[in-house]
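Once you scroll down, you'll see the structures, which are given as structure tokens.
Each of the two complexes below includes chain A, the first together with chain B, the second together with chain C.
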Partner chain A sequence: MQVEAVRERVYEGRPGFPAEYGPDRQGVQPGYPFWPHEAYRDLVIIFLLCAILLFLSAAYTPVVGPSANPAIQPFIIPDWYLLFSWGLLKVADVLPTCQPPSCQIPDGFGGALNVDGAFWGDVLTLIPVLPIFLLPFLDRGREARPAKSPVRGALGLYGIAFVFFASLYALNDRLLETWPFLTDDTLKVFFVVPPILVGLAAYVGLRRLGYRDMYWWLVAALGAAFALILASGFWAFAIGPWGLDGIDPWTRLLRAFGDPRAWPTIVFGLIPIAYTGVVFYATAALRERKAKEIVLVASVIALFATVGLVKWSADANPAGTYDALRLIATNGNFLVALPFFALITFYVGTRTPYSTYEYLLNECYQCGKCHTVCPVTKVEDDALGGLNLVYNTFKKQHDGVPLWTCLACDACSAVCPLDIHYSDYILEERSKAFASAAEAQARSGVPAEAAK
Partner chain B sequence: MMPLDPEYGPARTIPHPVMFRLLDSEAEDAAPPADIPVPKGAEYAYYPGCVDYYDQEMQFSHLNYGDTDHGIIFDSSIKLLKAVGIEPVILDRSFMKCCGHDQLWQGKLDVFQRMRDYNTRIIKMLGIKTLVTSCAEGYRTFKLDYKLDGVTVKHITQVLYERGLRLPPPKDGKPIRVAYQDPCRSCRQMPVDPIYEEPRDLIRRVENAELVELKTFRADAQCCGVAQMMYCNDKTKGLTASRMAEAKELRVDYLLTACPKCLTHFGCLHHENRWKPEEERFRYRVIDITHFLAERLEGEAVGRPPSVIPEAQDPRQKAAKGGA
Partner chain C sequence: MAREPLLGRLNRKVFGYLASRFPPTPYSDLTRRGVETIQRQMPRSHAEKYELKTIWYWYPLYCLGGISFVAFIILTITGILLGFYYVPEGTIATDPLTGDPTSGAYRSMQFIMNDVPFGFMVRGIHHWGAHVMIAAVFLHMMRVYFTGAYKKPRELNWLLGAVLLILTLGFGYTGYLLPANDLSRGAATIGINMTKASPGPAWLGHALTLLVFGEADPTGFYIIRMYWLHVFVLPLVATLLMVVHMALVWIQGVGEPH
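On to the complex of A and B.
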């Protein structure tokens, strides 16, 4: 029935090319205007929801429990969804404060604000909230899908990571009691480094998802990661807190080789550095396929080497292992985060997309304009009643014959409101078909000359 | 190439196996010839493409008692370029290969890449600054699918438009109606520099010519029916017929196009009508825009006159005799 209806419409003899597109397109669009129809409807729904809330809060007064008492609860924490704000309030003491009344800010209501930890905590709490308001104005791309708006997507993931690590810092006293080798400063740096790494990896991965060549991004990001981890390792061992004994780094390094308590530190420090270096080398110097194999092997080796060595050295050399864990945990922002960053960025930056145009063709929302203009769907019985030929082939509604009957005249792309380039899909699919035929021929062992 | 499934696949839809075997085999030899008989560092170079090959295989070409003359595009283009003061270097096929458009769109990516690399090397070697084609497919291929950094690729209509081609007033002032078919490759497939206005402006420069638009035109122009020399059958011929019928309804005297493939397929249908006089014939001429403009230039006529059908074979004379 559907086919019949479409057939009648197709063969009506009308030109089939409406005047609403093309270079002479009119500005007038069909449909209802936003104002006032949509606005009225939305206002009615908003008032209804407000009325329900008011009624519920008036009828059922919520119970507020007793206030927290440090004598009963040693670790006071708010509800989980407010932890990030709690963490920001806690971290605010790194910012400069001063005693009143030397520095007070008028608050606009006749009073004055003290510039203290609470003030900075309030200001910092705006950090995760502000982008939510600003992003629609900053990133005004037409499409909201992550791969088409990588900045928005990366900032979103940055925000999630930031909120997570801010929440983690809200528990800092608990964490420090549980794991004494951690330090408060390390937890504070968690506010800065891991969210940036997450945002960077997300950007690289999203751009790759949008079919961009991310080679130089990968090289730059992983090169920076390798340089940072080298510097961090050097700092930690030679000139950092480890080296407070006043011995010059070279002497101490030489001495460490003879010191059984120092070798776990050297080994466990070198594993992440070497691993990041291998990933960087594979990214920069090798072809993608080879680089993936190398990174896979290196990851498996690093994982098993780390786990096995920790287990073994914890039994054999507990004091040295404790030193090593302390060193790595204290520099967790670099020695732990950067190898994971290298692995994840490498993975998302070299991930093979499913099929080059699958992603783009999935944008189609079946408006049917392409069907109106496709010349082949007007004459080819197989293709009657569908959208344009390419889309149908892509959706496996045909056996692939229409792929070879497409004229690649691009009338569909010209009218497509989403600007999908169907002819590029044709190019790719045809070359794939030929390539797989050649491969099958090579596999069957028939030489090309004989096959001719 | 390779044996592909004849029922489902390109083998079913490529109707000129001999020609493509010939063109594909060109790609095998990647070594450039020892001496290339053209000067280096020329400003303009003209690439005629594979138009001459069509006349050898097409049954409706002027060599085979038909009207369609593909080779004349070459002569006309040279005449027109000379008329605007350009002496182009001719990149003929003694040292250039096919541009590879058809191979690319038929899926033979490796063949295309070999042709592209070879042609790019020759073009770079000759130090050409502007590459002029008279073919819409060549225009697209050189401009989009090749990586000719530093070489400007132009369609001949763009060159003539920019250089201000002047056409002398016609000798007989008989008004003619002219329609222009926008080839898909040079208009809506071009993200940069699509050719819409240039050919129309050139047609308007002919004093007694009136430009009429077909039912669909510019970016919305319907396809001529066949592209990349694939999938030629009765159904696509129906598309060609509907396009030519649009021109017939407008009572045009000329249907022009800027693409040799459009010319081929319009010409094919035109020729079929000629051999079936009992069917209604499209009585207008279908020619390339370069041919149309060159005819209106002064000087030596381009091309050869159409070959004469032997009397014994001419269906119209037979019909006339039978009628008498």
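On to the complex of A and C.
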């Protein structure tokens, strides 16, 4: 009895309700011809690659350099793709070492384990390498798109940033030689702070790409950034290198205003703190559109103020400028990185993804449930000809009928196994159409009534 | 209900696992038919077949694996040409004319750069081709990661790719140890020290060092080991793995963006 009742309601295959949705299914799907479509593209890529290689080898011919000499310990830099391992080998001196005479860690073969920098370098090199091998077994999820699996995307960018800063640390002696106001400890903290900031910003941006409201994430992240930069500023001004003389912070700050050597430090230190504070305030307290304007203005002002002040102050007060640069560079993980983090996170967290609903409609695998429940197709005469509102709109094959006959009843979204909000898409398309029509009328100067 | 015997269940599990990943398709027949057809056509991808709105900016990144393979072919050709002139002789001797240290390998490098017609160009293409290949491999791996192309059924191919990445880095490392210049010696020193310090018992690191570099201090003997790794062992293994890697891409299809 129930089976008959269900069969009664099945419209598939009846007039107007074809059993198959989508393009005609054939045994052989015709593709693009190999010649010339695919071959041209491949040849262009190959020729371009050959041209680049010929140019590079002619213009930047690699020199052989002096011969290997056992008498000289050369100062070398390995090729860029091995720098990460060398950087990890260099940073390994922060880890505890243990040589066989002082400690006896048995290696299980009667000897003792030599826990030195090279040992830690080997172990640390495994940190970026092991997850690569374990990846397909760690991540068993179905979602392939970064916007749908933001944790994976953020972890990936975190890893890339980690490898980049590990490679950067391999050049630490060169960097310290070039910029003497940097310190080695600052470069070591680069292993920790900037990759985390990159990962966090990527997470916020990817969630936003998946149409999530990121307000509270932004408030939390930017609030934490502001608190951190305040703490860093307090450390730099009060208890850091400046505070070793035992004078209380306020006295020193007040005294510093009278000291021409000190004021660049205060000004340059305050700019990133104030900027981060403005971005945080705009995010938390203002509407999104207003916040975007404020952040844009603040970014331009902060950029020009910093560049202009450094340039002007370098001539007027070189000693004070050097002090300021040293102070800011020493706290580079916070005073320099956090304003950029605030700006980038704010941007990616509030931007409007440009390919709006098409991105979400992509999940459709054309099961046809939406068509089965759509009430319009049951009453419209057009529908008897096989009109499929959702599918035609999705393929942009409609002539305006699906867009304007849709009731926005949301029955399709209710049955959609992938939770695609089709009527939201319809409403947005309609508002876009109205907006462009109104714009065209305003431009032509013809009133709406007269246009009809 | 009688349970199926354990061996039968195990058989079904194992062959089911394999069949769901590597379906038994007659590839030789398909190849023959493809070659014999006058109108040869590439199969349409899933996205093309169903006219999905894919994200266009992923597509240029899909040529990175191919670029690294093309670079590998260019490296093979230029490497064969360089092999006609390169001498893997790393023992350091004193140059009788200048009194500076030199070696057979270093002299042959100078010969390639200064005397062989277009030798500097061939070596330059080999040098920059190596950089391009490694960069392409890195970017290819990032693309595969961010489009989630390593997921089922392509886990094995991801592991093959990870092995190929390490082999490519091995190509780079063994390659720039060959010219017997100061960079070669310095990098060999770092490599030998890190191999000696391999996690585990002390004899293991020592044995590994002797196996890979042939000596515990870089006196120049390491050049011949690096040479055979660079021109025989690594190309053999890497070419085989690359063929399997690309065959699996053909069997399992390209992991498309959505």
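In this section, the second predicted complex is superposed on the first by the 276 of 452 C-alpha atoms of A that agree within 3 Å, B and C clash if a C-alpha of one lies under 4 Å from a C-alpha of the other, contacts with A are read in each partner's own complex, and residues count from 1 in each chain.
By definition in this document, a contact is a pair of C-beta atoms (placed from the backbone, for glycine too) under 8 Å apart; a residue touches a chain by one contact, two chains touch by 3 or more.
Source: prediction; values computed, not measured.
Of the two partner chains placed around the shared chain by superposition, chain B is the only one that A:W404 touches, whereas chain C remains out of contact. Of the two partner chains placed by the overlay, only chain C lies in contact with A:A68; chain B stays clear of it. Using the contact criterion defined above for the overlaid structures, shared-chain residue A:D213 touches neither chain B nor chain C, since it reaches no partner. Contact with neither chain B nor chain C is seen for A:D315 once the two complexes are overlaid on the shared chain. Ranked by how many residues of chain A each touches, chain B and chain C are led by C. Residue contacts after overlaying the shared chain place A:I46 against chain C, while chain B stays out of touching range. In the superposition on chain A, contact of A:L54 is made with chain C only, not with chain B. When the shared chain is aligned, chain C comes close enough to touch A:F133, but chain B does not. Under the contact criterion defined above, the residues of chain A that touch both chain B in one complex and chain C in the other are 22-23.
Residue ranges of chain C in contact with chain A, taken from their complex: 39-44, 48-55, 63, 66-67, 70-71, 74, 90, 92, 100-103, 106, 109-110, 113, 120-121, 123-125, 127-129, 131-132, 134-135, 138, 141-142, 145-152, 154-155, 158-159, 162, 165-166, 169, 172-173, 176, 179-187, 190, 193-194, 196-203, 218-220, 255, 257-258. Listing the residues of chain B that touch chain A in their complex gives 1-4, 8-10, 12-13, 104-110, 184, 188-189, 196, 215-216, 218-220, 222-223, 225-228, 230-231, 235-236, 238-239. Chain A makes touch with chain B in their complex at residues 15, 17, 21-23, 373, 375-376, 378-380, 399-401, 404-411, 413-415, 423, 426-427, 429-435, 437-438, 441, 448, 451-452. Residue ranges of chain A in contact with chain C, taken from their complex: 22-23, 29-35, 37-38, 42, 45-46, 49-50, 52-54, 56-58, 60-62, 64-76, 78-82, 85-86, 89, 107-109, 111-114, 116, 118-119, 121-123, 125, 129, 132-133, 135-137, 139-146, 149, 152-153, 156, 160, 355, 358-359, 361-363, 366, 395.
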